[in-house]
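Structures follow.
What follows is a pair of complexes built around subunit A, which joins subunit B in one and subunit C in the other.
Our next item is the complex of A and B:
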């Protein structure tokens, strides 16, 4: 059962952040229900069907043993266990505060999963880097190990002040069966820089839907890379608004999926100011009967002249049963812009395979090298060494997991 | 020692090799010459194990081992190296990483210890110097943006580092100017010794001025129609391949 009636069991009045906003968001979600393929934005990802066998509950407190899932790093870590902030495992940082007001300010009803998050979010953090300050590198780690069919709904807000900078490395791992519905709001003030890297390595029985709502002011820069790696079904949905001139976004993503995994990367980049640049390289590597989805829309407002937009999405199919659905969209109302997009679908090149094997490299290793090479361009924004080694390690063991 | 007996092979139902008999003893360099379409490249691909070629008869033994029964990577580990006529571009794969991975795969298969990055770079740099290649050759992606001559030299660099027991050089001279040709020839000659043998496949005689073969074989219409000493190459250069099919 995955209908909205589990919301009936929620005592909104008793929950933290008790306010009419939540109740309204719950009503909005109830009225809409779980997205189905009838929703245009969810045409290729049937969330309702994937949750059919779930009996969702909202999590209680628990203390599972998740130590092994936490990345080892000398950098400060903020750790969520089963969707709740874990103070004992987390490092303190002067930039990080636990949320006391959980409601998402943007739950406008058009995105059902954001409404749902707004209705039930019960934890989250805010990261505030003041103007002119370098916030360094911060790990945001979410580990889940729950036998229950919990719905975890954290809400985070990251704000970097004018000319400030920050690197956030998100690692999302888990075991068990659960649904993770994450919403992150990001606000970058004038000239702020945020490097944001994310590894989604959820339990293979889990569902993860993550929505990032990003706003960039003048001269701000957002450098992002996300990797869909785990989960039975995952969707990473990013809405990036370039609202000040000369803002720039590098919104790259990749997915490595096998078996019957389903991964969805959906992006909307809205150019709402002149002289902004957006670059996107999205790569999907699909084995077994995995299914990948890419939906990418670039919107250019009438006044957003001199927009420079680039979008490339490529899929590498390792099996005849793998499938990619790709839907690039350009919506341009300005007349002096440079926008390009492209999509390719292919298999491993037998010439390249033979070249590698003729040099003594065994077949599986040769294939892994070509997969890594295929992903290379998508990894470009990952300039942070620690983030890079996390992704390299994940990519490196993917073929060793026997998925090929 | 390479022993090819009665080798026949086809591609897409078209018979290309029609009974090749050829023995290359250890320490010898043999040249295979012949007109276009004679089956020269097919021979090198069949020996190195490329897919798409169906061996319909005959045998190939390398140091007593049935070469046709093993995978391309196992042939490489056994010491076979093919210098490609058209080296393949690998965007996203760094040249140093590629060559080191290959070298270590071969060393692993042979039960030798792997080379770490420092030891590898030391060897690679000295090989690059010997081949008069630009220093950035290792940093670039494999063959991407390389000129024709650079691609061929990159093949020779790989050969120099992998130190094969049997090199198959498939038209390595094509597209090379005379300076590059000399560098490539020097690379091959540097490996010559009692444990190295080579099959130099070429259309023209000029490479053989620099890599002087012990024997020259003429391949025409899928068969070896003549064999002789280095002087045979000069004769072919003077008279061409016309009439050889009937010989």
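Our next item is the complex of A and C:
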């Protein structure tokens, strides 16, 4: 599949009314093409190669039976089916409306997938929590069942007003063969708090690339955890900008990968104001011949004095063929800062294993226990019980699937 | 006239007599014309009386270089280098100062601070004096005692003549000419450098240093060094000098290759203090160096220690390829940048064999308007069972106009390997500074002391006399950045 061939089939007039911004985004993508390993930001993830066998199309209409994939919860749900908002399955919420202005201002040459999303996005939601309001908990569910090699490109925007708060639990599930290219823009006003939890459990034949663009004003707080669990190839890319003083971000992630899965967690935390704090714990557990990637950059601008930045990434390799590639980066232009990162890679500690085995715990169970413990620190920001139980269920099922 | 045309015409003039390769007999000149071409490569090779295979090797490298692009991934910015506007052989020397009185007083005052003996100052400043502190006799006695144990230590040009089989066997075996843009360039036009061969089972009786080798004084821009330690041999090699070298060359593209066979060990220490440019960032050396060691033998060991304070731009990643079972690599580095200096330096540790170990300790200090980047790779290959790596990268910022960056790449493909990496960035702690100040130290001395403490883990790896000078050098290099 050539890069441009796919776009040539897009009927821009029908899709976008020839919105110049989107046409320009398409041109930007066309000029760059799919990212390759020659792009430093994609050094370890060869998206182009994994899409080679795809013959991407844009989704048509259809109503697959996806009921089984929707999590059961009493909380209000917003549901996307095959990349389109499904009003009949969704609950109404006064904070949510369908999003029709897809012109993201972010389409620049450095993030080709965002440009592509801007060019072709045709659905999404807008969540607006007004200042001083608690928006409660909202499920954002995306279920996909299509053999059509569709490219689904939703674009979401979440805004929490001054001193407002919200919890978003994202569950992304699917069956079949498709590519999901999601962009979510998040704006947190002064003192706003957003807890954002995400389970990516796509079809094992799918490709998922999700980009979160997050901006925090003074005193705002972003508490996030994402779990890469499904998909043949997945990339979670978060760009968090701390643009007001005393803002704080807790950006944790984990990936559980087996078989020939490829999971990529890429984060850029940009400190652009003084007295901000960032905390990151990223864990990878890799079985089979899975390959995990972590790239995490902390940037500190010259005026972002008193920055406190910390990042830890750890990987457990469970099998001889698993691979981890890790690139933690510090880019610092202010002198009065405390920034550090750490990385460790290894197997399960045989001493810990021996300890559990000597107490009569069977090997598989002991291993599961140690992996749970290994992941625990990453789950720390997940304070919402319902979200936590979703992640724990996924983790429990993972080793029951026989990946160990 | 554009440099390229000038070169072509100059070459044309030279070859008018139809005597194509006979430059050395016909021409009475100090230098070849500017620019790079196959003829220049042939001229260099002919001037040195090199055998055909080496000429072919140079030409092959040159042709490879023509097809390559200058790398742009490092965090350094500089105007485009016009490779046709450089001299590739015996760059013309500005008239050497006649006595120390003619030498830049700033240079002299720096020698004072570093405590360089008077008679050595002249040599460093490039004063045209006949006998410099008896270096000839030093070199001779030195060579005698080395020859007794069978150590070969000389220039690489000598080695090409006297030990062609060794040079041919190992040259380019660790850093192939086509490895990168600068190695291809170096392989085509390398001028000179050191050659060290330590025979089986020999522990080199003294620390080898270019400083003692007279012909090393003007090694030029394209230095090439090759060190081979046979089974069970060991050597410690010191490169560079703590005093600033007077040097007109703008671009340095050196290649250093180390080969350690079974149970051999090589310790390579560098103190690099080339001209960093002035306080406004004008001038200074571009230092684009490829250094790599191959631990070919079982339980072999290669250790790199570097103190980098000079050069306007440093682009340097001394690396270890751990091929032998149980071999180990070490990298200890202090990189200090001030004013408008840019350093992008680090290491690569490639673990290929089981039970290989590597240690990386890097200390970066940025001051003024400088940028200092640690860039490193630790790669564990599938066969490296039980491999172990520990990396620590610390950065210190002095002032709020500079940058400190850490870019490690960590890749593991063996579950039994253990890799640990940690990095920190901070400024000099106020309480430590206060403690020193309250005991009567000036701010500059206090900062010097604390910076030395920060670098201790690396400085203690240096041979003693080097360590003392390196400490002073750090303090001198930081001048003007405090207060």
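In the analysis below, the second predicted complex is superposed on the first by the 400 of 404 C-alpha atoms of A that agree within 3 Å, B and C clash if a C-alpha of one lies under 4 Å from a C-alpha of the other, contacts with A are read in each partner's own complex, and residues count from 1 in each chain.
We take it that a contact is a pair of C-beta atoms (placed from the backbone, for glycine too) under 8 Å apart; a residue touches a chain by one contact, two chains touch by 3 or more.
None of the values given here were measured: they were computed from a predicted structure.
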Counting only touches as set out at the top, which of subunit B and subunit C does A:377 meet: first, second, both, neither? first
Using the superposition on chain A described above, determine whether A:365 touches subunit B (first), subunit C (second), both, or neither. first
Answer with first, second, both or neither: which of subunit B and subunit C does A:357 touch in the superposed model? first
More subunit A residues in contact [subunit B versus subunit C]: C
State the interface residues of subunit C toward subunit A in the complex, per the touch definition above. 73, 380, 382, 395, 397-427
Which part of subunit B faces subunit A closely enough to touch in the complex? 48-51, 71-73, 75-77, 81-82, 84, 87-88, 90-93, 98-99, 101-103, 105-106, 109, 158, 162
Provide the residue numbers of subunit A that touch subunit B in the complex, in ascending order. 350-352, 354-363, 365-366, 369-370, 372-377
Touching subunit C in the complex: which residues of subunit A? 40, 43, 302, 305, 315, 317-347
